[in-house]
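One chain, chain A, links the two complexes that follow: it is found with chain B in the first and with chain C in the second.
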Partner chain A sequence: MVYLLLLLLLPLLFSFIPLFSGRYSKLLSSFLSFIVLLVTSIFYFHINESFKTLAFYGVDLNIAINYLSYPLVLLVSIVVFAAILYQDPDIEGSYFSYIFFLEFSLFGVFMSQNLFLFYIFWELVLIPSYFMIGRWGGPRKDYTALKFLIYTHVGSVLMLVSIFILAYNYYTIYGNFNFDYSSIFKAIPSGSIYYVVLAGFFLAFFIKLPTVPLHTWAPDVYVESPTTSSMIFSGLLSKMGAYGIFAIFMEFGDPELGWFIVSLGIISLIYASFSALAQRDLKRMVAYASIGHMGFISISIGVYFISHSTLALIGGMFMMFAHGLIIPILFGTVGSVERSTGTRAIRDLGGLTKMMPNLAFLMTGGFLASLGLPGLAGFIAEFSVVVGSWETITYISFLVVFGLVLSASYHIWALQRTIFGPYNNYLGKIGDMIPREFWPMLILFLLVLIFGIFPSPIYNLFLQYSGGVY
Partner chain B sequence: MDPLIISGILIFLLPLIMFPIILLLGKINANYRKYAGPMATSAIFISFLLSYYLYINGKNIVFEGQWFYNFTWGIYVDPLSISMSLMVSGVSFLIHMFAIGYMGKDPNKHVYFAETTLFTGGMLGVVLSSNMVMFFLFWELVGLCSYLLIGFWWFKPNAASAAKKAFIVTRVGDVLLILGLAVLYWQFIKFGDPLSVTTIINNAHYVDKVQLAIAGALILGGAAGKSAQFPLHVWIPDAMEGPTTVSALIHAATMVTAGIYLVARIFPVYIFALPWAGYLVLYIGAFTAFLAGTMGIVMNDIKRILAYSTISQLGYMLAALGLGIVATENTISISIYHLIVHAFLKALLFLSAGAILYSLLDIRDIRKMGGLWKKMPITITAMFIGSLTLVGFPPTAGYFSKDEIISLSYFLSQNNPGIYYAWLLLLIGAFLTTVYTFRMFFTVALGSPRSYAAEHAKDPPWVMIVPLVILSILSLIYGIFQEDFYSYLGEVSFTVPIYVEMLPFILVLLGIYIAWLFYGSRRFSAESFAKRSGILYSLVRAKYYLDYIYTNIIADRVVVYLAYAFSLFDRYIVDGFVNAIGRAFNYTADITKRLQTGIVQNYATLVIIGLILFLIIGKIMGVI
Partner chain C sequence: MSLLINYLLPAFVLFAFGIVEIFWSFLTKENRHFSYIAILGGILAFILLLLNIDEHYSNGVFIFDSAGTILSLLFVFLMVVIAFSTFRFNYSHPEIFYSLLLISTGSMVLAVYSSNLISIFVTFEASSMATYILASYPKSRKTLEASMKFFVIGALSSSIIIFGISFYYISTSTFSLGYTSGSSLYLLSLIFLMVGFGFKLSLFPFHSWAIDTYTGSRSPVSALLSTSSKLMALAIMIRIFIFTFDKGLSGYVQLFFIIISIFTMTYGNVTALVQRDVKRMLAYSSVANAGYLSLVFTILPGSGPELALAAIIIFSIAYILMKGGSFIAMENFEDKGTRIEDLSGLGKKRPLLALSFTILLFSLAGIPPTMGFMGKYFLFLSLIEGNLWWLAIIAVLNSAISVYYYFRVVMYMYWKNSDKQISGNAYIDYAVFSLSILTLVLGILIPVIIGSFYNIWGMIP
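Up next is the complex of A and B:
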């Protein structure tokens, strides 16, 4: 269906408009991103469409929306819409262009049905991200932009090697080049070269996820970026890794690898939670929270490799969606705190409820969602993963729930020290969240609430992707 | 749909819907805030009426619908859930009515009433859920509301800290509960709809006993967190920082009874598990009943005394369930009967304490009260009735509920010697209950006022008096419904020798006499007695150092230092390694870039050196 191609190209088209719209760039961009969101929403009724054309040497323009990629495409348009609404209108138009270009690249990553195309879009993401950090970042923006670029690029290049090995192997077996997901994985080599291919994909996806110990680019990037970028990076870039894991890495499933990945996931969860507990900067704490939650995705895929527990797998997939909605709320509210008070240091805050009741509401909501409170989307994911993995990893689950307790601790502790307790009078008279900050965050929070109570519309898509059986 | 099912759903849905409505109304216009209290109260009264409608019309209603994956949502109505639902909505209604007066002057009362309605709705959801996942959702909603309400006066540092403690301690229990549900899920998956209450109750006897015991122990962890049982009881005394009506809600109608209800709800899991699970339930309950009693004696904060008394009484309820599990008897009715009686009397005690604080401008130290019986006769009479019911003085309802548990434990210990120590613990617990209750009562009510505020105390307005009177009457006469209640929920009959039956009553009399000697007539000085007991006193006074271990050692030392260790490791080792790689490339570049001198002679020299090396290597390898 050719409309699919239009959906893919829509953000690319839109990315030129803000450049020429001067001081109306924000208004226009909000409108355009809303159009993208609308178009994406319509596709809920047209999942499983595909479009294929332009073949040369086995490299097709082969895009599709399936039950795994649709929720992510939807997530991208929601988060981009909210992030653009949130953005300060004083910023230059080119910033919005980068955002649309990033949206286009992400759409491409999630829609590609072809490893070659996938790789192109995967690398394309780096370009707008690099400029978004490097031009509008905080004091350490140069260092961060470079670190981000090189770190994630190292993983990608190794993935490229793996892709070529796979393609070559396919060529030796079948006599032609074919990068399509549906065929190329038939040519997974055996022997020692298998581990080379595996390592390439593993590094690419688990760096992007990010997982401990390959995570150190993430806190820097999330913290140094302006709030809008933090929302997009934390909410969406990590989903590239997760998507890669579920769509591509899953082809490699072997049980021993499963144990390794489960361990990585649990280490990530606990390591990131402890690190978050020690942070003095609220935004950095949120960054570590984001890393910790990605541990659940590793646990879920690892458990699936070991025992094919569908419940755990879908839990991990739902985590992508839930986390993508939740973590922008955290960055958004922290951004409002910073704008209003001029500081992000936890010790300088306190009792913000007095001056910022709306912020207190949303921040409490976001933090509770992040720690996995039932009724909010994160719970459905965490519950599925924990319950789904019990049969497989039994008593190791105690470590997972220990991570959950730690996660509750730092969230609640941070709340107690920032928005509750006596008001820090040195902050003076400060204002509440302004409308451009409040409404997008409220929309996200309501979505988190809706999908926490009625997860089925999204949950069932993942269920169908993983075979549709309990 | 069947009107019974609709009303069953509305019971918990109505208060939940009122939450955003009340909140938004108060936010739109500050003048509407005065309607928050009446709106909340009437919503809960409607829930009560609906519960009553279910009570007269239906005995067992199960409704289930698809939720997500293989989990369902729905309502499960049986005598157990109806009796709980009646109690929760009824007591909560009275507390809300009281709160209209008590919170009348608070500027944020719309927030308060919105949250308490949500709280009650959550608890009603816990009671009526047909599926353990849905149950857990409401269970956490209740926990969230208690967090928000304990921290309602968020600007008080103590309140913020107590709210945090309550959340984290109950969270420890909650994650154990999740694991318990995980065990159940995999055991019951072969019956379809694995976490439905119906599936669990009907199929428990087909399932592996070991797994059931593990599940039971883990779920008990969750129940202990919510119902403040040893060793997770530490949050509840601190939770007194919220408004007193919140304490009344937490202790009587909502929250703490949820854990007891959980164990009663999935009773068959414990019945068919290995016996150690039952003993665990029994002894956690009995030991908590005893331990909390000892701590209640040394507290001076009126609300904390009541808090420890709640912990102790919850221990009785849990022990009653444990007795049934160990002896494979259906003792749910005995436990729940005590739960309901306790709800009446504890609401009564907390509300009368609230009335005292309302009048005394929030002085909570009982040493600063005294002589209040003359100043506020209705309140203190209500408190007197509550105290008598709490200690189980005949013919109040407490006599029929608590002494029944003690007698039952003696009766069952005839065949199960393992229960004998539980009987002793519960018996001593009854004595301790009397001592701390009447210590509090005599200190508050008798003597002469010991502060300026106490001299000027007076009874509160009628909106606060009416709930006190209703609860007093219930506490006094509810005993006559004992047999009816048992026949409704499940018959239990047993006989014990008359001297065993009289033993608790004798201990009560003894306890009152001792309390009178120390605190009524003041013939003996409690202070000098405390001094002479030395280390024992300081041990109890320090709450057995449990708080110290949790807060000062585990949280402040172990966790925080570990966190710093992880953080430093992250910054200097992991990230340091990444940066070191970056620097290594930089250094290499720095060295090699010196070769690029830009002088043609240097390049020519290098070309010649390279050529020679190339030829030599080629010669060695035999290529050339």
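Up next is the complex of A and C:
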């Protein structure tokens, strides 16, 4: 249906408007992003729409939303809406243009049903991100922007080689080029080339995820970006990797690979937790927390490869959604702390609850959601993954639980040192969160609460996608 | 429409306008008159070329096919853009510059159509001679040095080509292409020809002149040298080597080209990483691109080179637009220095130029959906079709390295500031802008029209 094409093109159209709206750019952008959110919500009742043009040499415009991609499209609209509301109105209008362009590219990544198109949108994400880091970043922005670019671009071009090999293999078998998800994976080659194809996709997705040996771009990018960008990058860019894993990498379904990915996930979780414990900068700690949680996605897909446990798989998928809602709250509240007190160093803070009660409420809520407190969205995901993986990896699950304990400890410890305890009088008299910071965070937190108590609207979608009954 | 004169007419029009330039100099010395004449001649030749884009015709000396016509169209188009961008040039003897621009382009048009070693040599030399003088225009120590290096190496390569031609004649008793022989002399002649034309294409061990010449000569001239002149050498080499591969020599020639192309791309990219001078960086990236271009020779012996031959045309279109445009953009910094710091704050001072240059750099880096991505995409796809996927991985990794040095320039343009004024004029901006828009539009169109690039090389001599 052509409405889907309109949904894809809507953010692209909107990306031109903030350029010409001068000092009203924030107001206008908030309104526009709300429209995108509304349109996306309407599609909840029209999942499984698709739009396809004629193919030329296997290249066509083939987009669709299904039970896996719809929640992510929704997540993109929600997070972009919240992030634009959060943004300081003093910023130039072009910043909002980049955000809308990023939204367009992300929609494209999640909607495309064709590897060629997928690659184009995947690369297109780099351009607005590069400018968002480089123009509005912190003191090390030049280094960070290039590091981000090289890291993710190397992964992407290796994926391009894999796509080539798949396409060529399809060509030798069927005599024509076809990049559609539904066809191209019939032609997964065997022998040594199989591992080349696998490595290309693996690197692209696990760099973007990020998982531990390939994660070093992530803390820099999250920390050096302004708060709005951090919310979008941590909440949405990592979901590209996760989506790639669930939509494309899953087609390989190699049981031998399962153990490797599970161990990578566990290492990622524990390593990131220990790193987070050691951080002195609150924002950097949150960045490591974000990396740690992505470990659950590796664990869930690895377990699925070994034993086809649908529960773990759905847990991983729900982790994408929950993490996308929770992590922006963490970055948003940390941003408020920084604006209000002028510092992010944990030891310079303390007892903020006295001066900033609203912040204390949201930050505690966000941190508890992040550590997986029952009743909040993160718990549903972590619980599903741990329970689903028990059958398969049995005692190794203790390592996962150990990671969870570590995760709880650094969250609680950070809360204790920043917003609770005695007030640090050197901070002087400081104000609470201002409305532009408070409302978007509250909206996100309410969503986390709603999906924590009543996850089925989204959970069932993933359930239908994986077609499992447990 | 099979009269020979119809095919030769575009080149003759270019030559005629070149001579008109000389006579016009008796009337006036104002630069813009000569620019107008060159643009007019270019447009006329462009239209004439468009008329026989679908025609195929060959005799023993020339082979007129669509591939040659597309390349000629590109050369003429770039020449028009260069003539437009140099509208405000203000140096003595403008007639020399524009007349040689027309004559060298005319010779290149004939060179890509040649299918006989004698006509190849004559047209190749004619265009080279014109470019030696172009490289030294306008008169200064820097351009003289560039031109001198270019000339000495060019003379050397010409003599090597002559050697190759004579070996070719001894082994096959003809100058026409398309005849092969199993003797070792034939292989020797191929090596000589490859080295001779490899100088022009700036393949790895023969590239060092290119860096100094592209950096030293004036930017519009560098645009011509690094694109049209190179693609001419590429087309000649394709015409020579397309026939050599089915006669038992393919193994050696393929291996040779694999080694050369790997070295060329890797060397170009790695040295470009450390350059602080943008023009020099572009020169090194042009060497790296020569490596990508020469990948086509590794695929020719494969079972079906059709995709490779279509891909090389697409890559040529991309290359001429993005590299030509980048060098023309550098003309703005010619007077105040072309170091990377000198580009600081371009995004604020000249938004149109900065945007266009950014698109061209994205295209060079191979970011979709630009033309540069499509060119590399189809070229690497043809590599995999030729069962050389490991070579495709090396090429792709090289392409990934190159992102660093292109994006560093974008970084300086957009988020560094400086008080330095930037010279140049609106004509350059519009020239670069038109090239960048074409890069973007064609990049989106190419998947739709790729079918029309199949089987456009006339192979029968």
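Going forward, the second predicted complex is superposed on the first by the 468 of 470 C-alpha atoms of A that agree within 3 Å, B and C clash if a C-alpha of one lies under 4 Å from a C-alpha of the other, contacts with A are read in each partner's own complex, and residues count from 1 in each chain.
Heads up, the rule we're going with is that a residue touches a chain if its C-beta (ideal position, glycine included) is under 8 Å from a C-beta of that chain, and two chains touch if they have at least 3 such contacts.
Just so it is clear, the structure is predicted and the values come from calculations on it, not from any experiment.
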Check: Who does A:S275 touch here: chain B (first), chain C (second), both, or neither?
Finding: first
Next item on the list: Return first, second, both or neither, reflecting whether A:Y423 touches chain B, chain C, both chains, or no partner chain.
Entry: first
Next item on the list: With the two complexes superposed on chain A, say which partner A:L399 touches: chain B (first), chain C (second), both, or neither.
Entry: neither
Checklist line | First (chain B), second (chain C), both or neither touched by A:T353 | finding: first
Item checked: Touched partner set for A:L5, first chain B, second chain C, both or neither -> neither
Checklist line | Which superposed partner A:L449 touches (first chain B, second chain C, both, neither) | finding: neither
Next item on the list: Considering only touches as defined above, state whether A:I120 meets chain B (first), chain C (second), both or neither.
Entry: second
Margin query: According to the stated criteria, A:F383 is in contact with first (chain B), second (chain C), both, or neither; which is it?
Written below: first
Check: Which chain makes contact with more of the residues of chain A, chain B or else chain C?
Finding: B
Next item on the list: Report for A:I17: first if it touches chain B alone, second if chain C alone, otherwise both or neither.
Entry: neither
Check: Same chain A residues contacting chain B and chain C, which ones?
Finding: 150
Next item on the list: Within their complex, state which residues of chain A touch chain B.
Entry: 147, 150-151, 212-213, 215-217, 271, 274-275, 277-279, 311, 314, 351, 353-354, 364, 368, 373-375, 379-380, 383-384, 386-387, 390-391, 397-398, 401-402, 404-406, 408-409, 412-413, 415-416, 419-423, 455-456, 459-460, 463, 470
Margin query: Residue numbers of chain C touching chain A in their complex, please.
Written below: 362, 366-369, 373, 377, 380-381, 384-385, 389, 392-393, 396-397, 399-400, 403-404, 407-408, 410-411, 414-415, 447-448, 450-451
Check: What part of chain B is in contact with chain A in the complex they form?
Finding: 66-70, 133, 136-141, 144, 147-148, 151, 154-157, 159-161, 163-164, 167-168, 171-172, 175-176, 178-179, 181-183, 185-186, 555, 559-560, 562-567, 570, 574-575, 578, 582
Margin query: Taking the touch rule as given, give the residues of chain A at its contact with chain C in the complex, in rising order.
Written below: 56-57, 59, 119-120, 123-124, 126-127, 130-131, 134-135, 141-142, 145-146, 149-150, 153-154, 157-158, 160-161, 164-165, 167-168, 171, 193, 196
